[in-house]
């Protein structure tokens, strides 16, 4: 069962185009997706996933399960960076540990999208409110990361003058990816409620085109991820192992929570993926500003160079196999 | 007259331009999407431009020699906190 | 009735994404659509609206109403800048007055497109020849603007050597937006007549995708419009009031003409929108070359920062309410 | 018959948008498609044509005809540059002759795509394995071109130190357009065999959108081709005549081969187009590196400024007329 | 040798390059999509690039000192009519 | 200190940056999508950027005077084989 899931994932266009991008770097082809095209695709994906999530959210009633799930998601976004920090302190200083921990507490929207596509192939439903969970899990880890630095680094070489809390909260809640995702989600809710024709007219753009655009973007992500691999040699074995084992551990936490909350199979997979994935967009940008002492190549190369590929290639089918093993097909929700 | 070349992450570009405005720069020109490698060895590549880290920006200011100290104090805190380089050279108006 | 139209417009995806862009600037999010992506969308919108207009034009017979409507449109494009100039001279010098007047005499293709989308939601038909009117209203105001400068500014500080008429006509009729719009319109006519399969093959690109692309572009327009608002403080109250009242007046002129010409409800709305909208692409580019004495931030911030948002948010539903009040639903055309 | 084919081609959106681009340059409009938008469309077209070719290839059985056709295609890619070289040596030095010959031995993917669209309008089938032929014809001419320089230019002013064979083979087989085309083709095959849902999900992106994107790209190609025309005055009449007659000769060779191999009408047209078209992407890039002595404006302006427009405007319908004359409608394959 | 830095709206770029060609410039390099603020206080921002006003372009010319007067006369009318800045500095060939 | 300006086809950019790294450059900044005209009269235009020939890149290196000979030997073979220009000028750190 599990091996067929792995294969089904490996042979999907999305993952194959990711591999093609990796291969381009490995064999030294001059294939590249010049800036700002990757930005076009990432803005498009955020806008579409937000809008469609909002539309679905509007159609589902706001029952307690929704609120509890979202609460659990936010709890994970606070808990995970604390655990990660504790693990990372074995090897790294406070600054690097806090920054890497924040990345793993936050999420990767593209990993989420890839998991959603995977569910669609398996014809397993998931709910629109998981997109709200996605949006709400981006920010807390950023704040936790900075709190860790403030609390643990007193006097430990924190020579730099500190960024104010205002700037940090701004960065956490108004960075472009959170802003566009939440904004599109709210627009989706409003449009679904008050202008159903609008939903229809958006469909070819936000719906039909979505999977192809994801593949194109993953081709670029493959190139970018492979380019980061070189940095890893500098980072050392500890970080490489961390970047593979930590997602597995976080996914297990996510599975336990999903079981407790009686999430459906689809939602459970997405919850695990949110827990397991690490940010390489919002968090690095925030950490660069708030913890300039941390070395960006550590948190970017581990989250983008290892955890991201690991999750979309092996993680998703593996988590799905666990879901099928531990979550009953006909869940309450 | 002097020519000032500032290269830093485009994440801090707005802050830098505000600082230049406040310090009385007569004007400036900005080139974005600049990549490069710094003293720390960290590379800014086009591939990462979609991510939150962005690319670098290159800001050029032509100004009177007398303005240099003011510009220096304006950009110093930013460059020290966030990294980036700043160099001056001699320039003369063509017209 | 009218308030429901306003609401229907406000809650359409297009306007909501425009607001999201404005909000990004207001709250200081780092959301941006990097160049040249906005150019991609603006080229795409012009190409699509032109092509589809051409196809529809080919299907309608070239009856007198078509010619009379187009003639009226061109007349508006000559008349409106003269009136505007007369108003603006109260406060501004000849150069600024002429340049702003030219902007208001010309049109905004995106405002037109947004109005067309609004009509589609209301299921009210409009005709392909209105796209021809759109195309033909871009240029005359540019020429009127320059004529005004030549006639009125003799000796009044016109120190700069003047651009030749050849350059002006070139700029008026061959600037990229007029050129692409007219070119795509002609292609649409030819293809509809001689290669119907071609129309079908273009449809997913020029038709299905259109509304989503419009939303994406309006997200950027929201950002850009909000960025211009700062300039307005420098421009002063007079210009702000002008930028709201003048479109209302011009729209009324348009309504009167539509009634006279017995236009259908859909065409009447588009005619009003063409009269009311102001150019922030072709005209500024032309004025910069031909009237360099004028201050660009005046004509751009009023047309882009006020008139454009005003028209797409309040203007369109308001004009529609007037149309429904004064134009009978089953018009001759 | 033939004149109606020409007309049908001339009045297709693709060719009309190409003309619009040419016209923009001729009349001096400021219309331009800024970089990197053309790159977006060229990557998209290669990815889509590759993927769809792969899917079709997977559905057809790997019979001997497939292999023989591909073998014949590769033979053409070796033979054509040799003939061209022999012709070009009348006027040009070894370096220029070899570089131009390599361009004409290789192919133009956009010409191929335009021919495919033309076939679809005529409702004539072609096979997915022709995309494989397209992919495999890009590289051999690069190698032949360099071999010609190495063999013929010994001592003839080859002062520059030479690029190693490793670099040449790398450039020939791993340049971005070959890499993306072959990669997408393989992905198409894998997905068609193992993940049919994936084919469906890609369809709106790689299929529906394709023709519109081609038109947009041809608008840019029109601009670029017209910009090259100025260079031709420097190149002289010989090269202009060569750039029109050589494709005709190569197409005839292709027709003869197609008849010998009993290709279907659709495949025969594509085979002729592959033989007749000249590269302006992969080959110039390779020649610049391996034969820096050659003058790039010669091989680029002839292939892009003359042969490309000639083929898509007159060549394709002309070759089709020949196919209809010499190839029986119900071929074996 | 001299290095010439010209910054002006990309709307006038073609005219400028023709003028440079005619004046005998040995070559030039052009960076487009340049934003900035000028003496008039008017800002050229990336957001407006889609509009007809476009962004600025930055043109660099390396040339012999003797060519400077010719280049000056070539660019002067353009810069005076349309705005933009022009500065020179000393440069030496590396090779 | 010195400022080094290198302009060459972006096809050779990776090779150039490797050479600079190997020669000990303290850092560099790269602007891509540069167009221009060279001594051969051949023009690099934005329109051709999608093709395999690409546009030019402009590389800036600020470095100590002492490093110049090493950088010269590093870039010379590349510029001679593929074309491109290299100029130096005086620069001083602002901070």
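Residue numbering begins at 1 within each chain, and the chains themselves are lettered A, B, C, D, E and F in the order written.
The rule we apply is simple: a residue touches a chain if its C-beta (ideal position, glycine included) is under 8 Å from a C-beta of that chain, and two chains touch if they have at least 3 such contacts.
Note that the coordinates shown come from a computational prediction; the quantities given were computed from them, not determined experimentally.
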Problem - For chain D, the least number of touch steps when starting out from chain A - result: 1
Problem - Copies chain B and chain E - rotation angle from C-alpha fit, nearest 5 degrees - result: 120
Fill in the blank from the handout: Residue numbers at the chain E-chain F contact, same meaning over half shared and different meaning under half, come out as different
Exercise for the section: Compute the distance, rounded to whole Å, between the mean C-alpha positions of chain A and chain C. Expected result: 41
Handout entry: Gap in Å, rounded to a whole number, between the CA centres of chain F and chain B
Key = 20
Handout entry: Multi-partner residues of chain C (at least 2 other chains)
Key = 30, 32, 34-36, 39-40, 175-176, 204, 208-209
Practice task
Send over the residues of chain F in touch with two or more other chains.
Solution key: 11, 31, 33, 46, 89-90
Exercise for the section: Write out the stretch or stretches of chain F touching chain D in their complex. Expected result: 9, 11, 33, 42, 45-55, 81-83
Practice task
Within their complex, state which residues of chain B touch chain E.
Solution key: 1, 3, 17, 21, 26-33, 60, 62, 89-95
Completion exercise
Per the touch rule, the chain A residues reaching chain D in their complex are 7-8, 11-13, 16-17, 20, 23-24, 27-37, 40, 117, 120-121, 204, 208-209, 211-213, 215-216, 219
Fill in the blank from the handout: Listed in rising order, chain D residues that touch chain F in their complex are 32, 34-36, 38-39, 41-42, 160-161, 175-177, 220, 223-224, 227, 280-286, 288-289, 292, 295-297, 300, 304
Handout entry: Contact set on chain A toward chain C in their complex
Key = 35-36, 39-40, 43-44, 47, 51, 170, 174-176, 179-180, 183-184, 187, 190-191, 194-195, 197-198, 201-202, 204-206, 208-209
